[in-house]
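In the two assemblies presented below, subunit A is common to both, partnered first by subunit B and then by subunit C.
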Partner chain A sequence: MSEGKALSTWLDNLLTELEGIEIRRKSSRRLRIDVEASALPALLELLRGRASYVHLSAISCVDWPDEAQFELVYHVWSYELQSLVSAHTRIPRKPGVYISVYDIYTPAAFFERDIHEMFGVFFEGSPDMSKFILTEWDGPPPMRKDFDSEAWVNAHFDFQDYNPDWLQEIIAQGGGIAIRPDEQRFSRGPEPTAKGAGNKTVDKGTDER
Partner chain B sequence: MRPENYEAQRHPPSNEYELNIGPNHPGIEGNYAFKLRLHGDRVIEGRADAGYLHRGFEKLMEGRLWIQNLAITPRICVPDPVPMEISYCLAVEDLCGLEVPERALWLRVLQAELSRLAAHLFTFGGHAATTGMYTPMFWGIADRDLILDLFEELCGGRVYHIYNIPGGVRRDMPPGFIERVSNTLDYLETRLPDYDNLMFKNLVFVQRARGVGVISQEQALDWAVTGPNLRATGLALDVRRDDPYLIYDQLAFDIPTEDGGDAWSRALVRRKELFESIKIIRQVLAKLPSLPGPIRCPIPNPLAWNVPAGSTYVRMESSKGELAWYVVSNGSEKPYRTHVRGPSQMHAVQVLEKLSIGCRIEDVAQIMFSLDACPPEVDR
Partner chain C sequence: MTNSKQIAKPGDELPVQPAKRTNPLANVFDELIAFAQSRSLFMLHYCTGCGAVELPPAMTSRFDMERLGIQPMVTPRQADILLVTGYVSVKTLKRVILTYEQMASPKYVIGICSCTVNGGMYWQSYATAKKLNDYLPVDMYIAGCMPRPEAVIAGLRALIENIKNREANAWQDYYRRYDHYLGNQQRLFGETWQTPTDIIAEAEHYGQIGAETRGPHTALLEQHQQPLEAQPITLSIGELQRIK
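So, the complex of A and B:
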């Protein structure tokens, strides 16, 4: 334990070399660092090169439209110190351009490509900014808060009443269970208000219980 | 890749040609495509093409209550769904500061290790099938089914369990469950020598898997390879040991490693992990009767649950590697942002693209299965 503590104070001393960063220790293995966007590459270089944080676990992007900012969070893990540093930085939402850290961490290429696709943040110097998952999507970046997926679905798709021919035949022969249109899940009829209106209408010809 | 959107690339006259593997192909794990550029039967370049399984889970979760999202989480990785549930619950518990009762922690470990067994058996089958051996595939899937039976008994679901909720687990074990788990483990232990004879002493598998898709230690660390794939390069690194969660610090287990870094070593590490998981489950089964306790702590009304504002990053060791959730709450009844980092996001894209260069065409599928890449994790 004492060795671990010595290592963490050594890390704290190392981080004092950088200016304009705010460090918060959340637990013995979790460290949160808030850093200016301009200083983040230097911080990551320091963490990787001199403090053994060789494993880039993930890059997360959070959209804050009220503050007109994107928050980028770089989670790096040190196998030697056994601790995780989450480096938080904020970039303006417009134009949404930032520097790639691909030259420091190779795995950044995947996460930057993903963030570019989902949030529309362009990373300068990233090896590949082409589409990956949403190959046939030409709408706005969908993970942004101002993209309302429900409104988009309502604007582009119709709900169908499910009443295929084979079901009509069965009902005409007096079998099966028929659900009235106003009780169907996606119907646009009046809301059932009477008590018991949600029960299915059972054809008595087949159900003798 | 709809036909109307596909444009064949025009190359200058050469001996090279293109080949699309997937998105629906027996040599691909799940709905995932891999585009190869070939010279003869050597791969010059491989490009991963995802998106066939994209369901927008991260966006969906922003529109649902914290408790409703439990139904979404296991669907992110189909073969190994349990760690997804547990890690999401760990994240919510961390944000709320919930103290989970000890019995629930042990039950979660029981479930997580059973899931690891099931996922490794599944991968065995897939890996063997890519080398032309179908018997291990049938055996692996048949034995996995025994574990799914146990899950069905425990929580009603065979594949998607939704057994965990923030604060604990949904229900306790049925009577006699410990005995039945123990019997299944006994049976699996008698099967392990059969697997050795069938796969690891089989010349077909030895010659096909040795030296294929080699990753060195430096490359593994540089490409963020985790899990059994990292341990196959000789590094005994495991989130269960390095960054303990649940009660893994109270359990005795080894971290098996191999030195080769190739497909053979990766399969062998998984084979050894089967044994370690059985060892862990036996410890859990021995401990559970002495833990009466409740199985979950009281939580607020889940339909009007405002999780305190904050953010957390939770890591876990799934059967495929490091699994992590970044969860942000702004104090409302729905998550503000959830981001899942699955191990296959590295293995199925960058690592696979790099390893496929220079290999033979018939080894591409084997490399993908030996990396245990899970496309639903990439697409989310």
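So, the complex of A and C:
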């Protein structure tokens, strides 16, 4: 334990020597590093080669549309220090191109392919940037914040009617569904007559119960 | 638990109930067949979502579906019931439709969980289909998130009752209103959507051609349809020797 503490102190000291990065120690086993996009591969190479952070747990991506930036977070884990370093970097949202770290961490290919599919960030040097899970999807990258999922759903799907005929039988038996008018959803625009009638009967059903 | 067989818009042609035959012996025979069908159901459970968790207790000794004559089956060709347990993503929906079309009639579809009814908690998701009965004729919905095995068995008993009374005719609806179902499938999958099954020929075979079997959507399908070709199966001598 004391040895691990000594090592993490040593790492803190080492990293403070570097210029252009900002370190924040979140806890004894978590370290956050903010780094320029150009310096990130070098930092990861240092962490992997010199500081035993051999395991790339994940690469996550955050969309910041107001600042026109993507934030990429590289989570690396050390089995010896039992600690996690999160390296944050920001890249411009347009054209959204960054360099792959596949040559440093092989599993990065998997995460980069996923981010390319979900956010549209292209990683130069990554071995495969083809479709991964959304093989039959030809819309915009769906995890971007300017993708309106609800509008897409309304354009492509219908919801069940709120007052179908078969529900009347169930209401007559004392059952029924109570959905508040502001929570009701209509795909192809609200139907005023059906909606009004539906509310009445549904309220009646719940009152009786 | 809701019964979707009554979901029909005003003006729709209601499915014709088979009239009782005049010969009493034939009547007995029809009822015997219906009873036998209702008591020997092979179930293909397409476990798409979390609702599948409720099936092992429903099938095994605790609730024991087999006492009702319901058994799991391995292939769609031999199954009677298609059980869709949980949310159906757009990609999965294609496979569910292919599976359904491979089954031999009469066939029944049960949608389990809120997700098959209306998208459930994924109502806002771009990847999840909302209304299963837009794409397939659903005989029975078992709502709940997730429904307990008691609810699953209650739903299956209701289906058994419907089959015995010859009221579970949703499979005929797929042939009679194929244009409607195909239209919804094309809306989601694009105009070039095609399955290997020739539904219109099957509808002719079962005598189920209705006014809405053919329509603008089937015409579109015929435009884009690629002729089906048998997959070549070859086995060279060299391979055989290598296997040895």
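Just so we're on the same page, the second predicted complex is superposed on the first by the 156 of 209 C-alpha atoms of A that agree within 3 Å, B and C clash if a C-alpha of one lies under 4 Å from a C-alpha of the other, contacts with A are read in each partner's own complex, and residues count from 1 in each chain.
FYI, a contact is a pair of C-beta atoms (placed from the backbone, for glycine too) under 8 Å apart; a residue touches a chain by one contact, two chains touch by 3 or more.
The shown structure was predicted, so the numbers you read here are calculated from the model rather than taken from an experiment.
Once the two complexes are overlaid on the shared chain, A:R29 sits against subunit B while remaining clear of subunit C. Once the two complexes are laid over each other on the shared chain, residue contacts for A:H75 go to subunit B alone; subunit C is not touched. Contacts of A:W152 after superposition on the shared chain: subunit C is touched, whereas subunit B is not. In the superposed pair of complexes, A:I170 makes contact with subunit C only, with no contact to subunit B. Between subunit B and subunit C, B contacts the larger number of subunit A residues.
When the shared chain is aligned, no partner comes close enough to touch A:Y162: not subunit B, not subunit C. Judged by the touch definition given at the top, the superposed model places A:V62 against subunit B, while subunit C stays out of reach. After overlaying the two complexes on the shared chain, residue contacts for A:T135 are found with subunit B and with subunit C alike.
Common to the subunit B and subunit C contact sets on subunit A are residues 134-136, 142, 149-150. Touching subunit B in their complex are the following residues of subunit A: 29-30, 54-58, 60-63, 73, 75, 77, 79, 82, 84, 86, 105-107, 109-111, 114, 118, 132-136, 142-143, 149-150. Within the complex formed with subunit A, the residues of subunit C that make contact are 2-4, 6-8, 90-91, 94, 117-119, 123-127, 129-131, 134, 184, 187-189.
Across the complex, subunit A meets subunit C through its residues 134-137, 139, 142, 147, 149-150, 152-153, 156-161, 164-167, 170, 185. Note for the complex: subunit B touches subunit A at residues 1-2, 5, 49-51, 54, 56, 58-60, 63, 221-224, 226, 237, 242-243, 311, 313, 315, 322, 324, 326, 328, 336-337, 339, 341, 345-346, 349-350, 378-379.
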